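Heads up, there are several structures right after this.
Each of the next two complexes has subunit A plus one more chain, namely subunit B in the first and subunit C in the second.
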Partner chain A sequence: MAPLIPHGIINPELTLFFALIVGIGFGYVLEQAGFSSAKKLAGVFYGYDFVVLRVFFTAGITAMTGLLFFNYLGWVDMTMVFINPTFLYSAITGGVIMGFGFIMGGYCPGTSIVAAVTGKIDAMLFIIGMFAGIFLFGHFYDLFEPLYNSHFLGNIFVYDSLGMSRSWFALILVITALLAFAITQLIEDKINKTSPEKIRTRPSYVLPAMLLIVSMIVFLFLPAERKSRPGERAPDVLLAEIHDEKTYVSTHRVIHEIKNGHNNLVLIDVRDKAEYDRFTLPGAVSIRPDAIPDRQWRPLFKKDQRDKVFFGNGNSKAVMAYLAASRAGYERIYLMDGGLNAMFGELFADEHIPDTTAYDLQNRSTARFLNSARQFFLEGGVAAKQEEEKPRIQAPEESEVIPVIGGC
Partner chain B sequence: MNNQILNTSSTLLFSVIMLAVIFSLLTTNNYRQSNRQVLEQSTEYPSLSYVDLYQILRGEGMTDNVVLIDLRPAEDFKKSHLPNAINIPSEELLNRKHRRTLRTKKNLLLYAGSEHIAVAAQTILLAKGMDNVKAIPGNHHGIKEHILDGFDPSRAYFHEDKARWDHQRFMPLGTVAR
Partner chain C sequence: MQSSQKNYMNPYLAGFLLGMVLLASFMISGRGLGASGAARNVAVSAVISAMPEYAEQSTFYGRFLNGENPMASWLVLLGIGMILGAFLSGALSNRLRLKTDHGPRISTRVRLLFATAGGLLFGLGAQFGRGCTSGSALSGMAVLSTGGMLTMMAIFGTGYLIAYFFRKLWT
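The block that comes next holds the complex of A and B.
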């Protein structure tokens, strides 16, 4: 359920429930494919039945084709899909042990449970053995640990190691799989001495195979990354927004909100982290412009109903952040006009604060406002506010990914 | 029978995906650069210093290779503008009539009444797939005063996003240890 749970479409507390449903479905498919029979499973090692190879290769290339296209169309976010990190030596050791277990016992972990459920006694013994192995591994983990964690390569991909592009690798894999199906069929027929009559009346799988190859060839000609995505605002809309007064929030409004301790604005500091660490407005969160499209900030922009205000020293970096956020389709975003330079220029440096005794009412109230704000900032009101509001928004943790223990 | 179901369902799935691909290729082509690519390029800001611009305006270096674009409204442009600048008011940046001016191999240097308009125009043009645009730091007034009317070395690397003050100074009690 990789893309649904981190997006919040499915409540994470229901994870186990969905795991149960998916598990039942998986078990059903295994049973239907005949994987509850050790004879059938072990057939792949003796050459009389290659159904294991066919089912898993088919599952692999079908899922691959689907994911590649869904990712391209933006229906699935591949960055949300968990990829098992590679520990080379432990993977090799584990593979060898699993292979021996498979030949000796005739099952792999998942199929042994399916078989046990259908009442096969050898499968039940297999499960006992499996749990004994788990127990031993857990008990003597200290001994195994150096091997278990050895040669960590991170999330590597075969096509990167081979130095080819993803789409070429996918096409080659599909062709390899189809060739493997054809060749194993020949071997099977030879060993089982299938009658030519039966071979002729066998259903043909040419059409789906051809469709698969055609779609992979189409994928080869698609650009690796889509430049514009659905849901993005058009460039002329962005241009109009930049010229619209409503995009800008005045420094006075921000000062007012800070001074009165309102919590109606989310202040977003787009300056560098070092500047943010030295000084920032109370409650502000640091997001550099190039981090705006990051997935971790999506909840802030999508779910927080308050107005989001970008500010920098001037307007330029804030405008980049604003354009990125607006293009991504985020709502309720604004720019603090003039940035911190304008704010403190007006409060402290420029000498044009009008007299509080000014005749003009507008000027007089502005002057009062600025004077009280100046006092507030000088007396350390900001420091106090900063202290109390510091944990207001924090970068959300990377959404948890639940490791998928794959295989049969 | 099973084979029939397999053939139909795979054909159906295939055609759905292909239709979606064709539809997405036809409908969403507003941009030539993804949001992330644009940010990678535009956050190398400022991409031009006054030292470079001074040389360009004085006719040294890569003058032939440069087009100055004034993004202010036409009436401001009529009053004064940098030498050899072309006027494209920023509201009309994406208009069809300016497409030919913008479609050039030369470097486009943008300036406006305020710096962030030039930066916004640069960002939008980058997203449209042009990589030869650069926003000049500062506004028209500043450029005229500090480069044309006499080069001010103290402003050689000026841009508006520099902190004008050490903001902390104004808040004697405002330093919060993090």
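The block that comes next holds the complex of A and C.
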């Protein structure tokens, strides 16, 4: 599940190493594309060279299409991907200033780094100017701050701003890009007076363009977005599990475990924290059903080999928790049938204890068990156990989710 | 020796590869590419170490005095990677040489003057835009962020609007 570093699949300590690798790819491709020449870059504004538009737009729609499909397949968690925040006026002001910078300087920061490395003196001066610009902003920050932070609209998406669906917007963007490629090629040929042979021998892009459009149309007609991730169980399997008695653990088994101080079960209290604080079973850990899929509990479910038993007051919340855990692909999970109400009903209400005088082995052993359990629970055995066993499972520290900050 | 330079890559192939690098960046770290961020962090740590008192009093630099080293960041390492990657590419394609690109109608001096001014404006604008052409416009477009698309349109829209007045620089 990507992104790999925020999800802890790649060790966060390797962040900087991967930054270096990605950076090498970035610099290499920019140089290969010819972005180390200011003349070539500025050509996009004068029509003699549209390489900027071609590379930029192709890269944008490639990455966008990739993210759309990976998100659909559940391979990437878009909530962990940095969505550039929208500060309305600051974004536009910055863009206008950068537009002037582009025409005058002929580079943008990324291309200036690439150009300076390959020996362009103008790019080296551009970088010096860039530092001056940053110092200027830093020095007068208090002056700029009202504009810089005004009209924050959130981390919003352009298709929402335009009131259309994401897949329609993506299709329109792809078609716009393809049209722009075709039209700018015509303009470029006209301005540069390209010879007809050269135009004829140019590779044809019809096939990749068609493939792209078809894939975007497919995306448009895909059924409702799949939310499940690889390894997650399908809804019908879940339903079958809930009706399967193997999913349930009897209250007797739980009582037996507690009474004998066994440590074979992880008891998970799914009730509210306040209820948990007032009373819970010895050694139980508190996890609300909606918190089950959280990353912080993953080690408990994935690494702890003991059986996990969910319990609430009745069955309903425990079922919710069970479904969430099962859907997340966790195994060795069970429900305590009937919850605490059933357990206490058996322990403390007389009618549940079968008649010990009756000549029925089954009933007699059940009754003996319940009587001793009752004694144990009423005479402070639980309280004593709770004292000594409370720290059995500590809620893990809020695991650090690496905040994704600052774009460029 | 101009003839020994290799040709540039097909722009669509380069764009596709750049898109793949961008996608990899999202899949690995959850964020896109960026270049001005590296410059900003370098500028900030230079100020912090050279003028600590000035930095402490400033709202802008003060934000970076949280104990974290701005140099040991994703953005800066990305920038260092860019330097290595560009050098590698330039060396392999035999394009490493000192020179200044400029239009036929201006002198090298004028070009260098405008390059510096353009850099200054870009450095300033990238702060307002919360990223430059790569961090705000390109990465913002990939995730379909409104702010990123607005910045992109503002950069190129302004460029086209004012291109006429600066035509002497390039054509």
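As a working rule, the second predicted complex is superposed on the first by the 246 of 408 C-alpha atoms of A that agree within 3 Å, B and C clash if a C-alpha of one lies under 4 Å from a C-alpha of the other, contacts with A are read in each partner's own complex, and residues count from 1 in each chain.
Heads up, the rule we're going with is that contacts are C-beta pairs under 8 Å (C-beta built on N, C-alpha and C of every residue); 3 or more make two chains touch, one makes a residue touch a chain.
Since this is a predicted model, take the numbers as computed values, not measurements.
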Partner chain in contact with A:196 - subunit B first, subunit C second, else both or neither: neither
Which of subunit B and subunit C A:138 touches, first, second, both or neither: second
First, second, both or neither for A:318, with subunit B first and subunit C second: first
First (subunit B), second (subunit C), both or neither touched by A:163: neither
Subunit C versus subunit B, contacts on subunit A by residue: C
Partner chain(s) touched by A:114 [first = subunit B, second = subunit C, both, neither]: second
Contacts of A:208 with subunit B and subunit C, given as first, second, both or neither: both
First, second, both or neither for A:100, with subunit B first and subunit C second: second
Subunit A positions touched by subunit B in one structure and by subunit C in the second: 203, 205, 208
Interfacial residue positions of subunit C with respect to subunit A in the complex: 8-12, 14-40, 42-44, 47, 58-61, 72-90, 93, 95-103, 111-112, 114-163, 166-167, 169-171
Subunit A contact footprint on subunit B (complex, rising order): 2-3, 6-7, 10-11, 14, 17-18, 20-21, 24, 27-40, 42-43, 45-46, 90-91, 93-94, 114-117, 119-121, 123-124, 127-128, 135, 159-165, 167-168, 170-176, 178
Complex contacts: residues of subunit A adjacent to subunit B: 69, 72-74, 203-205, 207-208, 211-212, 214-215, 218, 222, 225-230, 232, 234-236, 238-240, 242-243, 271, 275, 277-279, 288-290, 292-293, 312-320, 323-324, 327-328, 339-341, 344-345, 347-349, 377-380, 382-383, 386-387, 390
